[in-house]
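Paired with chain B in one complex and with chain C in the other, chain A is shared by the two complexes that follow.
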Partner chain A sequence: MGHGRYIPSEPVFEGAVLVDRPLREVCFAGVKRRYMVTSGGDLHLTCLALPGSDALFDISVDLLDEGALARLDGLYLSLSDEDIRLRTTIHHRSGGAISRQLFKGIAGGTSKAVFDGTIIVAPDAEKTEAYQENHNLLLSEAARVETRPQLEIYADDVKCSHGATVGRLDSEAQFYMRTRGIPETEARILQMLSFLSPVLETLPEDKRSEVTSSVEASLRSI
Partner chain B sequence: MDNLLEINNLHASIGDREILRGIDMTIRRGEIHAVMGPNGAGKSTLSSVLTGKPDYTVTEGSVSFNGRDLLSMAPEERSWAGLFMSFQYPVEIPGVTITSFMKTAVAAHRKARGEEPLKTADFLKMMKEKMAFVGMNPSFSKREVNVGFSGGEKKRNEIFQMAMLSPTLSILDETDSGLDVDALKIVADGVNSLHTPETSAIIITHYRKLLDYVHPDVVHVLKAGRIVATGGPDLADEIEKNGFDRF
Partner chain C sequence: MDIQQENKIIEEVTSGEYKEGFVTDVEQEFVPKGLNEDIVRTISALKGEPEWLLEFRLDAFRKWQKMEMPSWAHLDMPPIDFQDIIYYAAPKKDSERPKEIDPKLAETFEKLGIPLHEREVLAGVVAVDAVFDSVSVKTTFRKTLAEKGIIFCSFSEAVKEHPDLVRKYLATVVPVGDNYFAALNSAVFSDGSFCYIPKGVRCPMDLSSYFRINARGTGQFERTLIVADEGSYVSYMEGCTAPMRDEQQLHAAVVEIVVEKDADVKYSTVQNWYPGDAEGKGGILNLVTKRGICKGSGSHLSWTQVETGSAITWKYPSTILKGDHSSSEFYSVAVTNNFQQADTGTKMIHLGRDTRSRIISKGISAGKSQNSYRGLVRIGPSAAGARNHSQCDSLLIGPLCGAHTFPDIRTYNPDSIVEHEATTSKISEDQLFYCNQRGIEPEDAVGLIVNGYAREVLSRLPMEFAVEAQKLLQVSLEGSVG
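Right, the complex of A and B next:
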């Protein structure tokens, strides 16, 4: 799947966060950050972009040793005219490391959301596992979503996958719920919350209910 | 009032294609009616129009349910008023568990009746009872609605929802399609035991199979968008023997 030549970037990163043990972070809009994950490092980062303001996330992760783990989750809601950009670059520099990404977004109004996700697997980074999922729901004709997964794999023995979808609320499911007495608005909210729940569920307990209520309140205001 | 449902001269189209061409049918409280017909007769259109599916347009006629104008009601209002349909193809709702689905539905029904929501413990007890009633494994309460269910499990889930919502009129749309005899019996047992002198059912079917287990009072033959014959249970036997050609 690799194309072109592997060009390793500078292996020493000024200002990068060294992750050599479990690290759990939740970040809101406007973050540019680079992480170096070494053996014993277990990064779990959640990016949240809630409605009302533009957001730019630029996250780079370098997996330097065997056994390094990185998990990136993201949830973005752009419901009026926001501009949301998410860029992730996961660089497997050494074999035997695992990265997982799950980004889910809902775009309505005249908003725009762009997800750029690059995974690079260096030559000799055998036994790498790298997974990326980006799923989107469009609520209006004018909203736009772009999803650009990019895999550059220079090693042979790897497990890598990516999945990207852009869809709309399922009208058959909406009708089914309504025939059971669930009002149209509730049916929409139930479907949107369940779409987002795989990301909401990964939030640390002290933030989960607060973020979930805030998301639900935003969805109700549409 | 003895009549639960009165359909008068119902015409309905999808796009500019007319599918129902003047249906008349009266269902009294406590009656079970079967609507039989070949493919393309308009059976699915009839159930879709009665439940308020947005894709269909009623061009003529009226439907009165419990004395109310059914066609002016939203699908959810029809449900609150006591109408239920067991879908021919139950829809998958990824991410929504049966528990949260039914909790939302039961809460909406109670709200429409001006009642407080059930306490969680009471709701879960009700779920457990109704699941046992239709022979559904309790582990299904945590499953996503219809996701990965077999044909029989989907139909059983429909009857479970019917038991949860206690409708006065149930439409069973091709509930027998794709079921083996064991699953069919379970569905039929559920339907029979939910049946009371106050509740009615419409069984929409191509085959007579389900009618061996749920006995209709009245049988209608639907063909090319019209009811072409109405009779007793013997009409179903005759169709089984001779098919729909003579109508």
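Right, the complex of A and C next:
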């Protein structure tokens, strides 16, 4: 049988990025990276997987001290036959740290998107706050979405939540726009853009408009 | 409140014992310890089974031998020595009066609050199939039910009296090689309950199985098969207890439910196996497979479970939603205290169009226990219009326990909606203060808060069970406020 206890792994890793001050990163396509966030560290990472190629993101974050902050956002758009894998592991090794995750994706064509997100709260890591959200839209019969948001919590004075949804475009919202004279395709694009906008908005100024227009162009090409 | 006073309360309540932990002193017959083909043949012979069932068992045994114990659960499972278990134990029958029940057995069930004679109980009439170790002792109200065409009897009797029905449905929902413990059960299952509700019949009373482990060194392997034919309805309840012992005992059951077109089955469990002592010694290893299939269109199956017992629980009551417009629900409260471990949840497999499922799981962990929710929601390519909503909440009491959530959502149809949410929280100082300030003792306050937290699930239980479940929640959490 497997284990039912907290297995503390080695907290110091070679090749891990030490974050002891605010750090803003945006990564495209696949990346495998490990971050150690100490007190004063404020990590904000955005993962982007745009149409056209497979992507594998494997992000681990260790929150080592009180006051450490980590924010992970992700946007994935797979419209033909891409294979998108996102794996995040947030390990709250010490209490009083905060982590937030927001991942949103749209899958169409024959593509497949898989999200595996684990949050581990170590024993004694009291006053931890950990939040995670993963939302997906499915556009076609052959597209697949799998999501596994996992919580492993070994301390009691914590605030943790996760939410995951897989759905389709809201037909009522579509109807609303149609009654106001917005053509069907435009209404669909508008709704998909607004679905992704919470992640787009968090991008740094210099990348925001470029990524947004690239996303919009992809949506228009469906 | 000062610390002394607090400690006193904790001491008083932790000394409260598991009240079903007694042993019945009755003469029993056993098969030899260990597991091999001969044991399987012996069990089958003891029960006077037909050839096809022996073949079924042997096939299962051969499959099991090739399988490995699953290791994916979030559990610290001790190795199980399958050769160190007695697979069949039955109370000896008085050869002069073979039809009568040993008064000691009747007394045992009376003590457990399970009436073996047919009489009105608290919330109306309940028909009971009482299973003691490996055999069914008595099934009540059989005649009354037979008038409506309902078959309710022990599994062994069903094999003899209704072989066609048993053969038609056995292992159609949980195949022999489904998983390690289901295969083991299929090889050595001893007794259990069988229930068939004919077309269009509404079962006039709740049906119930009660499982009791008594003998030392044995395992219990029962099998329940429920078939609800077109348009029928039945509410089924299951309860269980075992003596307090230092050794761990294995319980590996299989429950199969077939729900035909427009039929409605409500299955409720209050699981109160001996959980082991405060040091984590002893207790039942509860490793069971429960699955139902909503076969016909418009069929409905609802699972409600209150899990307070067992040292280890490994249990995922699941539904295959095959019929169009069929629906299923899973309501669960799982409480773990001391060194208990639970890995429990459900699987909702959507195959039919416009199928709906709802999952509400409330985990409560205290002491040094570990409590996990594990669930699968799968929307197949043909399940257009399918809908699922899952809510999994965890409540932590004390800094040394763990609460975990492992949902798995797989969507293969664009015309479906799946939602999952989970939260983790603790009983807040504010809530406790509010109660204390109104003269409610800390222990009672925790009970009150927990009951409120679990209300959504408890309210789904049949009346008689609900009362018992509320009491159980309180008992299970005694001494967890520090």
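The definition used in the following text is that the second predicted complex is superposed on the first by the 219 of 222 C-alpha atoms of A that agree within 3 Å, B and C clash if a C-alpha of one lies under 4 Å from a C-alpha of the other, contacts with A are read in each partner's own complex, and residues count from 1 in each chain.
The rule is simple: a residue touches a chain if its C-beta (ideal position, glycine included) is under 8 Å from a C-beta of that chain, and two chains touch if they have at least 3 such contacts.
What you see is a predicted model; the values in this text were computed from it and never measured.
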Combined model on chain A: chain C and chain B, fit or clash: fit
Partner chain(s) touched by A:Arg24 [first = chain B, second = chain C, both, neither]: neither
Touched partner set for A:Thr179, first chain B, second chain C, both or neither: first
Greater chain A contact set [chain C / chain B]: C
First (chain B), second (chain C), both or neither touched by A:Arg220: neither
Touched partner set for A:Phe195, first chain B, second chain C, both or neither: first
Centroid geometry (CA): angle chain B/chain A/chain C, rounded to a multiple of 10 degrees: 90
Shortest CA-CA distance between chain B and chain C [superposed frame, angstrom]: 15
Residue ranges of chain A touching chain B (in the complex, touch as defined): 170-173, 175-184, 186, 190-191, 194-195, 197-198
Residues on chain C engaged by chain A in the complex (per definition of touch): 69-77, 341, 343, 370, 379, 381, 394, 396-426
In the complex with chain C, residue positions of chain A that touch it: 1-6, 123-124, 126, 136, 138-141, 143-168
Complex contacts: residues of chain B adjacent to chain A: 51-54, 74-76, 78-80, 84-85, 87, 90-96, 100-102, 104-105, 108-109, 112, 161, 165
